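See the structures that follow.
Both of the next two complexes hold chain A, though its partner changes from chain B to chain C.
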Partner chain A sequence: MVGAACAYYAARSGLTVTVLDRGPVAGGTTGAGEGNLLVSDKEPGPELELALLSSQLWRELAELLPPVTEYEPKGGLVVASGEAGMAALRDFAAGQENAGVTAHEIPADRLHDLEPHLTPALAGGFHYPQDAQVQPALAAAHLLKAAGERVRLRLGEEVTGLLTGASGEVRGVRTASGEVHGPYVVNAAGTWGGELARLAGVELPVLPRRGFVLVTEPLPRVVRHKVYAADYVADVASGSAALQTSAVVEGTPAGPVLIGASRERVGYDRSLSVEVLRRLAAGATALFPALAGVRVMRTYAGFRPYLPDHLPAIGPDPRVPGLLHACGHEGAGIGLAPATGLVIARYLTGGEPLLDTAPFRPDRFPAAV
Partner chain B sequence: MARTPAELVGAQPEPPFEITLDGRPVAALTGQSVAAALWAAGILAWRTTRVGGRPRGAFCGIGQCYDCLATVNGEPNRRACLVPARPGDAITTQEGHGRADLSV
Partner chain C sequence: MPTSASEPYDLAVIGAGPAGLSGAVTASESGLSVALLDTSGQVGGQFYRHPAPALGAVRPEALHHDWSAFTELCRRQRASDIAHLAGHHVWAVTREGGGVWAVHAVTGADGDGERPVCVRARAVLLATGAYERQLPFPAWTLPGVVGAGGAQAMLKSGLALPGRRVVVAGSGPLLLAVASSLAAAGARVPAVVEASGYLRYARHPRVLAANPHKLAEAATHGAALLRHGVRVRTRSAVIQVHGTERVEAVTVARLDPSWRPVQGSGRRIECDALAVGHGLVPQIELATTVGCATRRTADGTTALALDDLQETSVSGLWAAGETGGVGGAQLAQIEGELAGTAITARLLGRPRLARSGRVDELCHHRDRMRVFADVMAAAHAAGPGWAHWLTDDTDVCRCEEVTAGRVREAIDDLGARDARTVKLLTRAGMGWCQGRMCGAAVACLAAGGGAVPPPDERRPLAVPVPLGVLGALGSPQGAAVAAEGAEAVVVAEGLRAAEATERGAVPDAADPAGKADG
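On to the complex of A and B.
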């Protein structure tokens, strides 16, 4: 998704772009996502700025992309089970509001107006109307299509090396089928962004953070917003390697309800964890008791590309002239993709920077000892 | 005369029993799936799609495509091709998601 957005905005700025993917479109990081476009889970700071810009850009893109991409500005609802949780949400929302986020406190007795199937055993919540959702794989594919003839798509073609000139500047990439020349290379390899950086001889510590999603049978609109428990925000921000789960539940236009969210650092291990699935199901049915009688059709796992400080790497790499990075967005890559693409396109065309990208500098991590 | 799979393998099944589709009696054999029993009775559709209300029945027949969903004994979204028919099973044509009870 991030790569598609970079290609789209670069092409719109008049550049010609070759998109290389070793797999199909959205076959790596994007296809395993839920398509969250969230501001609600972000504390004030550089990532929230990027998310707010993205949220605006997604609204523009939604006009351009076909309805099949399922863009839904449905809003988020964060709920707390007790008064302590509610107080924490209130503090968090107050900070966000100063940064431009819209958040409305919903008292316990009004939660049902927003979500009729929600358990009555809650202390209240916050409604975030700017939260939205897309079907990420289709959004990526249609955005590449919308980019037009300036974007050439080469799928199933893996980058095996970087071509550099006499003074170390980027001249293109090598793939199994030959060389692709260009003055700039953008690393949008998601969870595998660290490997691509290594081909260029630089260290970018992108690591996988595994997550499972449960997919229910198609239902009527049982869940209307993206609904999640307050502890989700703490889990997202945590650096722990141990398994963390928090209930995140959302309906889709196609009918199935998606249930997350788990986080664990287990490398690229794709093996099914019954314990994770059990915890996800328990979390979801605690929020929505009606889901207890509903069947889960399938489950899928994916790897969030995370960097040690939980911020993405966006912008030129001062260590290799011509190399730019656009990866490491952890679980927020779909949401942050348009702003990332626009920032990258500005760098490529020498335009005015859109926002302060210093916190996203790709070389901000000390070299591994 | 058409030869049935049962004839081809020389099967000698137990006497048929009865299941119903929307209240109408259908004969089924021990070991048959609900979909097989309905097909044997010449019934090809037992669900309507969620969006267009179009008829659906068995497609893959091996539990992968989820096209043959039916409401079996009041429980929606059962894959008719995998559910073994049992005497007295009440199959009802499933309209859309079959979960109208959850609509608010």
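On to the complex of A and C.
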């Protein structure tokens, strides 16, 4: 998704772009995501700025992309089970509102107006109308298509090395079937971005953080917003390798309800964890008791590209002229993709930066010894 | 049987068909404690499917070969202390600490009994059988089109016929058996339409000579078909179904060697039902989820890779029967006995048991029959030209109503290159059958005429599981939560009903057929 957005905005700025992927379109983390476009889970700071810009860009893109991409500005609803949680949410939302986020407090007795099937045992919540959702694989595929003739797709082609000039500047990439020349290379390899950086001789410590998603049988709209428990925010921000789960529940236009979210650092292990399934299911049925009899059709694991400070790497790499990074967005890559793409396009065309990208500098991590 | 609930069984067998039943009795008679889990209410699996006692069928054996082999296995099972867990739908097998496996199941006729069950065992034998492979063609979703295996299953269990004039089509040895069963039960079978020829068997005279029982079986079906005046058309396929409400006729065309229909060769055959299938696919998702190695079979399916004594690449997990490659009931029974013996030898620390004369004999029989199975698979492997049957408006995925046109668009315009991305971009394979019906077709279309990668058969949940059951796993209050769940089920049923009204009734799908045991 991030690569597609970079290609789209670069092409719109007049550049010609070749998109290389060793697999198909949306074959990596994009294809395993839920397609969340969230501002609600981000504390004030550089990531929230990026998310707010993205939120606006997504609304523009939604006009352009066909309806099958399922863009839905449905809003998020964060709920707390007790008064302490509610007080914490209130503080969090106050900070966000200063940064430009719209958040409405919903008292316990009004939650049912928004979500009729929600458990009555809650202290209240906050409604975030700017939260939205999109079908990520279709959005990526149609965004590439919308980019038009300036974008060429070369799928099933793995980058095996970088081509460099006399002074170490990037001249293109090498693949199994030949060379692709260009003055700029954008690393949008997501969870595998660290490997691509290594091909260029630089270190970018992207690590996979596994998450499972449960997908139910198709239902009518039982869940109208993206609904999640307050502890999700803490889990997103945490760096722990241990398993964390928090209940995140949302319906989709196609019918199935998606249930997350788990986070654990276990490398690229896809094997089924019954404990994760148990916790996700228990969390979802605690929020929506009516879901207890609904069947889970399938489950799958995906790998979020995670950097140690939970911020993505966006922008030129001062260590290798011509190399730019656009990866490490963790679980927010779909949401942050358009702003990332636009920022990258500005760098490529020498335009004015849109926002302060210093916190996303790719070389901000001390080199591993 | 374990003396306490917390003590694991020695062996959990998943699937009570010929392979599982044979493995279970062998292990039990050697002194192991055995739990035998199966989705069905009675043992026998798909092959020895028979009417429920309440139907009072006088001669269930009339539709079966080797019925005596089955009754003998049943006698041994009844004489044993095997814990037969009927109506158990296994959704996952996971490894626990200390060399113990956990077999997770839900109970009920359709997995809707809501009671989560976890059976612990020191070894697991996967005997989950196979399901039928379908290749789509125009109007195959019309009522009256049923799976060939499904038609056979209907006959064996309920003694019901799918129609009065039934065309049998597809590819594979099952077609002859289905046609002769249908004819024997009183249906008219205007044609058996086989996409391959039988000549490819003749290229392996030594394999045929070594497997005389297979020839005898074919001869029995052949004679039965002749007696009923059934015509077998080889190198032909049903490429179109006609009818508005249900099947009224089919068009049969001759195929070239790549299975592409020969122009102008179509002819119409009147019928009121079509039983169709393209062989069987090993049902192995419980094993792939724990990382068992697989192999590609000669007809492009994915089977488990097994060692000489039926163990998978994951220590402690054995497999027998169709899971290791489709080969029929007799082979399944032999492999079940081999696995049961090997497991006993391992668990009781008696390695000599696995080197006995009986084991040599079983291995010899198995190897001979496996070679035959490979010849059979190669003879009926689908040719790449079958995709020419499809029109752009042919449904490929019937659960999600995804047409061939949309699959092609995802591949040509949107950058899909494999079955997984086609699924992401079109929803093909996301419905109730989880791609069991359309997986082969989608993978073939995605390969675009190139080599079709074997499907990975990964489905971390082998059957759908209610959220309430998942959420109550391993909790001491499991029972209480499940009881609460029962109330929630009513709500869920209500939601589903509302859904059906909202979306319009789904067309009466043909029985996906051969949804095998386990």
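A few notes on this one:
Everything that follows uses one rule, which is that the second predicted complex is superposed on the first by the 369 of 369 C-alpha atoms of A that agree within 3 Å, B and C clash if a C-alpha of one lies under 4 Å from a C-alpha of the other, contacts with A are read in each partner's own complex, and residues count from 1 in each chain.
Here is the rule we use: a residue touches a chain if its C-beta (ideal position, glycine included) is under 8 Å from a C-beta of that chain, and two chains touch if they have at least 3 such contacts.
Predicted model only: the values in this text are computed from it and were never measured.
Once the complexes are laid over each other on chain A, chain B and chain C cannot both fit and instead clash.
In the superposed model, A:116 lies in contact with chain B only, and not with chain C. Of the two partner chains, neither chain B nor chain C is touched by A:365. In the superposition on chain A, A:282 makes contact with chain C only, while chain B stays out of contact range. In the superposition on chain A, contact of A:222 is made with both chain B and chain C.
By the touch criterion stated above, A:295 is placed in contact with chain B and with chain C alike. More residues of chain A are touched by C (comparison of chain B with chain C). In the superposition on chain A, A:272 makes contact with chain C only, while chain B stays out of contact range. In the superposed pair of complexes, A:255 makes contact with chain B and with chain C alike.
In this superposition on chain A, the options for chain C are 24-32, 60-68 or 330-338, and chain B clashes with just 60-68. Residues 217-220, 222, 255, 290, 294-295, 297 of chain A contact both chain B in one complex and chain C in the other.
For chain A in complex with chain C, the residues that touch the partner chain are 23-27, 31, 137-138, 141-142, 144-145, 153, 155-156, 214-220, 222, 254-256, 259, 271-272, 274, 277-278, 280-285, 289-300. Contacts from chain B toward chain A in the complex involve residues 50, 66, 77, 97, 99-100, 102-104. Chain C meets chain A in the complex at residues 92, 94, 102, 104, 114, 289-291, 410, 413-418, 420-421, 424-425, 427, 430, 432, 434, 459-461, 464-474, 484-486, 488-493, 495-496, 498-499, 502.
Chain contact summary for the complex, chain A toward chain B: residues 116-117, 217-222, 255, 290, 294-295, 297.
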